[in-house]
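Two complexes, one shared chain (subunit A), two partners (subunit B, subunit C).
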Partner chain A sequence: MRANAKPIGGRLLTPSYKVILLIAAIGVATIIWRFAAGLGATTALSDGYPWGLWIAFDVVVGTALACGGYAIAILLYVFNRGQYHPLIRPAILTSALGYSLAGLAVAIDVGRPWLLWKVPVMIWRWNVNSVLLEVAVCIMAYVVVLWIELTPALLDRWSQSGQEQLRRRAERIRPSLDRALIWITALGILLPTMHQSSLGTLMLLSGPKLNAIWNTPFLPMLFLITSVCMGYAAVVFETTFSSLAFGLPKDLRILGSIQRVAAIGAAVVVGFRFVDLGLRGVMGQVFQLDLPAILFWIENVLFVLPVLMVAQKRVVSLGSLFRSAVLLALGGTLYRFDTFLVGFNPGRGWHYFPSVPEILVSVGLVAVELAAYIAIVKTFPILSGVRETSPTAVD
Partner chain B sequence: MSASRIPPETIAERLERSGVDRRHFLTFCGKLMVIAPMGLAITSKLSPEAVAATVGAARRPSVIWLHMQDCTGCTETLLRTSQPDLASLILDVISLDYHETVMAASGKDAEAALRDAMDANDGKFVCVVEGSIPTGNDGKYLYLAGKPGLQVLQEVTSRAAAVISMGSCASWGGVPSSGPNPTGATGVDQLVKNKPVVNIPGCPPNPYILLATVLEYATTGKVPALDDQHRPKFAYDRHIHDQCPRRAHFDGGRFAKQFGDEGHRQGWCLYRLGCKGPVTHASCSTRQFNEVVDAWPIGIGHPCVGCTEQHVGFTIPIYDTVEIEHPTPPETYAAVSPEHKGISPMATGVAGVIGGALVGAAFIGSRKLDDNGDSSQNDGKE
Partner chain C sequence: MASDRRALLKGLAAAAAAAALPAVPALARQTPSAPSDAVGLLYDATRCIGCRACVVACKEANDLPADTTTYGDGLYDAPAGLNERTKTVIQLYKEGNEQSFVKKQCMHCIDPACAAGCMLGALKKREHGIVSWDASRCVGCRYCQTACPFGVPQFEWSKKAPKIVKCELCRDRLAEGKQPACTDVCPRQAVIFGKREDLLAEAHRRLASEPDQYVKTVYGEHELGGTQVLYLSHVPFEKLGFRFDSTDAVPKVQHLIQHGVYQGFLVPAALYAVLGTVVFRNRGKGSVDGSLTDEEK
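Here is the complex of A and B:
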C-alpha cells in the first residue's frame, strides 16, 4: 500500500494557490494585530461569551472535521478492513494539519498565551478533575501522535530521493519506527475518543445557560458520534475534491461504503436525539417558532438528507458522494455551532457575533491548512494511485 | 513616684482615688476592645463593663521607660490623646515609675528614681525601651548618666519581668539602622535574650497596643501571643491592605497616580503612589491615632510607608510600589445584564460573503464532479 502513494508533483505556485496564500497572509496579519492590540480590541468576545468563533469553529468544528484520521483508523485497525488503507495517509495528513491549527487557534484565543507552555510541563499543578485540562492535554498529545504517524511519508520520500545519505538514514530509522507505530496508532485511536467526547462535556458544564434542546447528559456521546461522522465526511470530501483537483483515479465503492458508515452514524444521532428530547420532556421546545428550534430542524435535515441519499442508493456518482458528504459535514458543523454559541445564553443583554478580525483569522487558518495540504501532497507521497500521464491540477 | 512601697493598689482603686469618672474608663476599655478584638484574655469579653471589671481588679503594673537613640515620637503618641482626660487616665492605669521625658526630676535625682523604681518592683516591673541601641564603637554613641546606653539596657532589663520594644527603632533599629548605620543601631531583641521581649514596631506605634500588652501582662502574668518577629499577633496579624478603607478602589482598579490628581482627590487607592499596605502587617487601617477618625497616613491621603516591617520601612523608597504578597481575585464581577456592543453589520456582511462563496464553490465543485465522475464511470465501463 505504501508503495502506491506518490507525490503529486507539478508546479506549486499556481494562480489559485497564490489566492490561497493571500487569504492566509491576511489571516496571519490579523493574528499579529490580535497579539499587539489584545482580544478586546480585535474580537467580539465578552465576559458573557468568552468563547467565540475561534473556539466554536477552529477548535470544536476544526478538530471534528480533522477526525478523518481517527475515523479511518477505527475502520482499518479496529475492524481490520484493509481495503481502506489508501485513505489513511491523506486522512492522517488532514488530521495533523487540522489539529495543529486548532492548537494554534487556542493559543490565539486564550487571554494569556504566554502561560500556555505550563499546561504540558507543570504536571504537579494539574487539576485532574478539569475537563478543559483533559481536552488541552489530549489535543496537544494527539498533535504529536499525528505527526509521528505521518513520518513514514517523510521516510518514503527520503528513500525515493536520489541522495544516498538520506536513503540510508531512512533505512536506519524505519525499523524502530515500525515497532513504535503500533503503539502510536493505538494512542491515535484512544486520544480522539477521549477529547472529542470531552468537547461535549465542556458545554454540559455550563448547566442552565445551555438551551435544553442541546443540554443533554448524552452530549459527550453525541459529540463523539458526530465527530466520527464528520471525519468520514471529511475524508469523502477530501478524496473527491483531490480527485477533481489533481485528477486522481478514485474508487467509488470504497468512498460509498465510507459514506454509508457515516450515514448510519448520522441516522443514529438523529434518532437518539428525538428519543432523548422526549425522555427529558422538552420535546415541546423544538416546535416553538424561535431561532434555536429552527436551527435544530436545519441540523436534522442536514443529517437526514445524506441518510436518505444513501438509503435510496442515490450516492452513485462522485458528485452525489460529494454532496452528501458536504451536507453531513455541514450538519455536524451547525450542531457544534449551536451547542457552543446559539444554544448558549449567558444572560440578558449579552450578544455575540464574530467580529471581522475573528472571521479573517478563521478563514486565514483554513487557507493556511489548505496551502500546507497542497504543498505537502505535491512534495511527499501521501495520495495514492497517480496515473502515469498525470493531468495538470485544476486551478 | 516616691509613693509608698506597700503593695501597689489596683487600677480601680487608683482611678477612684484620683477621681477619674467611670465613663472615661469604660471608653478606654472600649478602645482596648477595638484595638485587640481577639487574642487577648483581657478583651475577650462581651462588653466594656466586663473588660473594666477585669482590668480594674488588676494591680497597676510598674513600668520603667528607657530612652535610647530615639526621637521621643513614641512617647509623644502615648501622651498626645485628643482628649486631655485620656492621657491622665493612661498614667493612672499604669504606674509609670521612671520616664525621662515626663518626670520632673533631673540629674542625681533622676538616677535615684530609676534605682528606687527597680528596687521597689525588682523582677516584677515591665521595661519599655524606646529607640535603638547603638552598639558600634563599644556603645560610645549614647551615654546615660555616665554609662553607655547598652550597659544601662542590660542593667535594667536583667531585673525586669518582661521587656517591650516600643517603636521600630527599639524593634530592629528603625531609622538609625537603615544604612549606613555608623552607630551600629540594633533592636532590643538582638541584645536581650534571657527575658520575654515584645516588639511593638511602628513609627510611632499606636499607644493602645502598648497599653493592651502591658495590661494583659498585669492581669494574666503572660505576654500576648507573638508572631515570628515577636510582634503581638492581636495587632500585627493582618496586612494594612486587608482591612484598608480604600480597598474597594484597589479591587476596582481606581488608583491615584499623582498627588492632587483627580483620583487622589476622590480618595482612590494609593498603591501606585508607593503604598506599602499590601506587605505591611499592622492594624492602623482599623485602629487610628489620637482617637480621631482617619488620623493615619492612608486616611489623610499619603501612602503607607511600611514602618512596622523591618525590610520595608525606611528601606524601600517611600514612592516605590511593592509586589502584592497575597493577590486575591477581584470582588467585583461583570454585570449580569450589561449594556453591550451589538452585532457589527460589517461582520455579518463579511460572514455572508464568505458563506455565500463557500456554498457557491461547493455547488460548482459538485457539478464539476458530476461531469468528471460520469466521464470516469464511462471510462470504467469501457
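Here is the complex of A and C:
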C-alpha cells in the first residue's frame, strides 16, 4: 500500500491556486496588523466575550475537523482494518496541517504570545488542575507526533528521488523509524482522546455562565464522539476533493463504511443528549422559543439527517456521501460554536459578533492549509491511486 | 491469537470508557475552605451613599488612568463598570422607589475559577487568600475571564503588551501595614477591611440587630463556595448584579471529571500501554505495514 502512494506532480501555480494564495496572503497581512495594532483594535472580543471566532472556529472546530488522522488511525491500528490504509496518509497530513494552524491561531489569539514558550517548558510552574494546560500541552505534543507520523512520506520521496545518497539515507533511517512509529502511533491515538474530550471539559469551568442545554458533565464524552464523527466527515471531504481536483479513483465502499461509523456516533450523541437533558431535569429548556433552543434543534437535525441517509442506504454515490459528511461536519461545528459562544452567557450588556479582521484571519488560515495541502500532495507521496502517467492537473 | 486480541480490545474499550466518563463520586475532592489568614471586605449597601471616593482612591493607589469614555467629552472619570482602567466601581440599581448602590471588585473566591483554569498559576490565591496576578506567568489566554462568575478579570485590550487588571486587595499597601485604599477612604464605613471570619461575624451581628434593614443573607458566605468579600444589602442580590446563588464552587464539576480521569495520570498511562500493545500486535498482520490481512483479502 505504501508503495502505491505517489506525488501528484504537475504545475503548482495554477490560476485557482493563485486565488487560494491571495486569500492566504490577506489573512497573513491581517495577522501582521493584529500584532501591530493589538487585539482591541482588530477584534470584537471583550471582557464579556474573551474568546471568539479564533478559539471557537480555528482551535475547537479546526482541530475536530483535523481528527481524520485520529479517526482513521483508530480503525486502522486498533481495529486492524487494513482496507483503510490508503486513507491514513492524507488524513494524517490534513491533521498535521489543521493542528499546526490551530496552534498558530492560539499564538495569534493570546495577548502575551512571547511567553507561550513557558507553557511546555516551565513544568515546575504547571497548574496541574488546569484543563487548558492539559489541552495546550497535549495539542503541542500531538502536532509533533503528527509530523513524525508523516516522515515516512519524506523517506519515500528520498527513496524515489533517484539520488543514491538520499535513497541510502532513507534506508538507514527507516528500520528505527518503523520501530518508533508503533509507539508514536499509539501516542497519536492517546493524545487526541485526551485533548478532544478536554476541549469539552474546558467550558465546564464557565459553570453557571454556560447554558444548561450544553452544560453537562458528559460534555467531554460528547466532544470526543463528535470529534471522531467530524474527523470521518473530513476524510470524506478530502477524498472528494482529491478525486475532483486530481482525478484520483475513489473507493466508495470504504468511504461508505467510514460514513456508517460516523453515523453511529452521531446517533449515539443525539440519543444520549436527550437522555442527559431528561436526567438533569432541564428538558424544558429545549422547548422554549429562544435562540439556544432553536440552535439545539438545528444541531440535532444536522446529526440525524446523515444517520437517516445511512440507515436508508442512500449513501451510495460520492455526491450523497459528501452531502451526509457536510451535514455531520456542520452539526459538530454548530455544537462547538454553541458550547463556546451561544451557550456562553457573560451577563447583560455583552455582545459578540466576529470582526472583519477576525474573519479574514480565520478564512486566511483555511487558505494556508489548503495551499500547503495541495503543494505537499503534489510533491510528496501522500495520495494513493495516482496513475503512472502524470495526470492532467485540474484546478 | 484472536481471543488475545479480543481481550485486548476489551481492555482498550474499558480504558477508553473510563477516560470519557465523568469521575465516580468516590473521587470527590474536599470542598476548600478559606485559608486561616484570609482577609476580605464587607460591603454594606445600606450604608453606601455612592460618593465613589473608593473608586478614585483605588485608581490612585493602583496607578490606573481615568476612564472618561462613558460621557465621551473627557471630563469625568466615570467608569460604567469594571474595565481595563478600573479595579473597583460603584454602580446604581434603581427601580421605582427601590434603589441601592453596589460596589464591584474581585470577590476573592475561596475556590476561584480563574485560578483553577490558569495554566501557569499567574492567577493564584497567595498571601491572605488574595487572588493576585503574576505577569511573568500569564500568556494572555483569558481563560480566567471565561471562568469568572462575577466578570472580574479585565484585559487591557488597548495595549500591545496587555495585562490582566483586577483588584488584589491592595496587597502592596497591606504589606506596608496599611489597609486597602477603598476601605481607607470610605466616609461611611460602607466598605470595611478585616479578617474574613471577623467580617462574617460583624455581618451576622448587623443582620441580627437590624433584621428589617437587610435581605437575610450575607452574600459570599456560602455563594459559589464562599468568597472573601462579603455583602449586605436591603435589595435582593440578583438585582445588584449577583447572578448566581448556588453554593457550589464553580470549579467543582470540572475538577470531579478531570481528577477522576487524570488522577496520578494512571488512566492515560494505562490507555497508552494498551494502545501501544494493540498497535504492536497488529503490526505485521497487515495494517501497520500496509498489506491486507488474510480475512480482509
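Note that the second predicted complex is superposed on the first by the 389 of 395 C-alpha atoms of A that agree within 3 Å, B and C clash if a C-alpha of one lies under 4 Å from a C-alpha of the other, contacts with A are read in each partner's own complex, and residues count from 1 in each chain.
Just so it is clear, a residue touches a chain if its C-beta (ideal position, glycine included) is under 8 Å from a C-beta of that chain, and two chains touch if they have at least 3 such contacts.
All of these numbers come straight from a predicted model, not from anything done at the bench.
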Message: Quick check on the subunit A-based superposition: subunit B and subunit C, clash or fit?
response: clash
Which superposed partner A:L244 touches (first subunit B, second subunit C, both, neither): first
Task: Tell me which partner A:L204 touches in the superposition: subunit B (first), subunit C (second), both or neither.
output: second
Query: With the two structures laid over each other on chain A, which partner does A:Q163 touch: subunit B (first), subunit C (second), both, or neither?
result: neither
Message: Tell me which partner touches more residues of subunit A in the superposed arrangement, subunit B or subunit C.
response: C
- prompt: Which of the two partners, first being subunit B and second being subunit C, lies in contact with A:F353: first, second, both, or neither?
  reply: first
Query: When the two structures are overlaid on chain A, which partner does A:A186 contact: first (subunit B), second (subunit C), both, or neither?
result: second
Message: Once chain A of both complexes is superposed, is A:W51 in touch with subunit B (first), subunit C (second), both, or neither?
response: second
Task: State whether A:F218 touches subunit B only (first), subunit C only (second), both chains, or neither.
output: second
Query: Where does A:R125 make contact in the superposed view: on subunit B (first), on subunit C (second), on both, or on neither?
result: second
Task: Name the contact category of A:S176: first (subunit B only), second (subunit C only), both, or neither.
output: neither
Field: Colliding stretch - subunit C into subunit B, listed as 44-52, 80-88 or 260-268
entry: 80-88
- prompt: Both subunit B and subunit C contact which residues of subunit A?
  reply: 46-48, 347
- prompt: Given the complex with subunit C, which residues does subunit A contribute to the contact?
  reply: 1-2, 35, 38-41, 45-48, 50-51, 76-83, 85, 106, 109-113, 115-116, 118-119, 122, 125-127, 129-134, 136, 181-183, 185-187, 189-190, 193-194, 197-198, 201-209, 217-218, 220-221, 224, 344, 346-347
- prompt: For subunit B, which residues are in contact with subunit A within the complex?
  reply: 333-344, 346-348, 350-351, 354, 362, 365-370, 372-374, 376-377
Field: subunit A-touching residues of subunit C, taken from the complex the two chains share
entry: 5, 9, 12, 16, 19-22, 82-84, 113, 115-121, 124, 136-143, 145-147, 149, 151, 153-162, 224, 241, 243-244, 246, 248, 250-251, 253-259, 261-262, 268, 271-272, 275-276, 278-280, 282-283, 285-293, 296
Query: Once bound in the complex, which stretches of subunit A touch subunit B?
result: 44, 46-48, 240-241, 243-244, 249-250, 252, 317-323, 326, 347-351, 353-356, 358-360, 363, 394
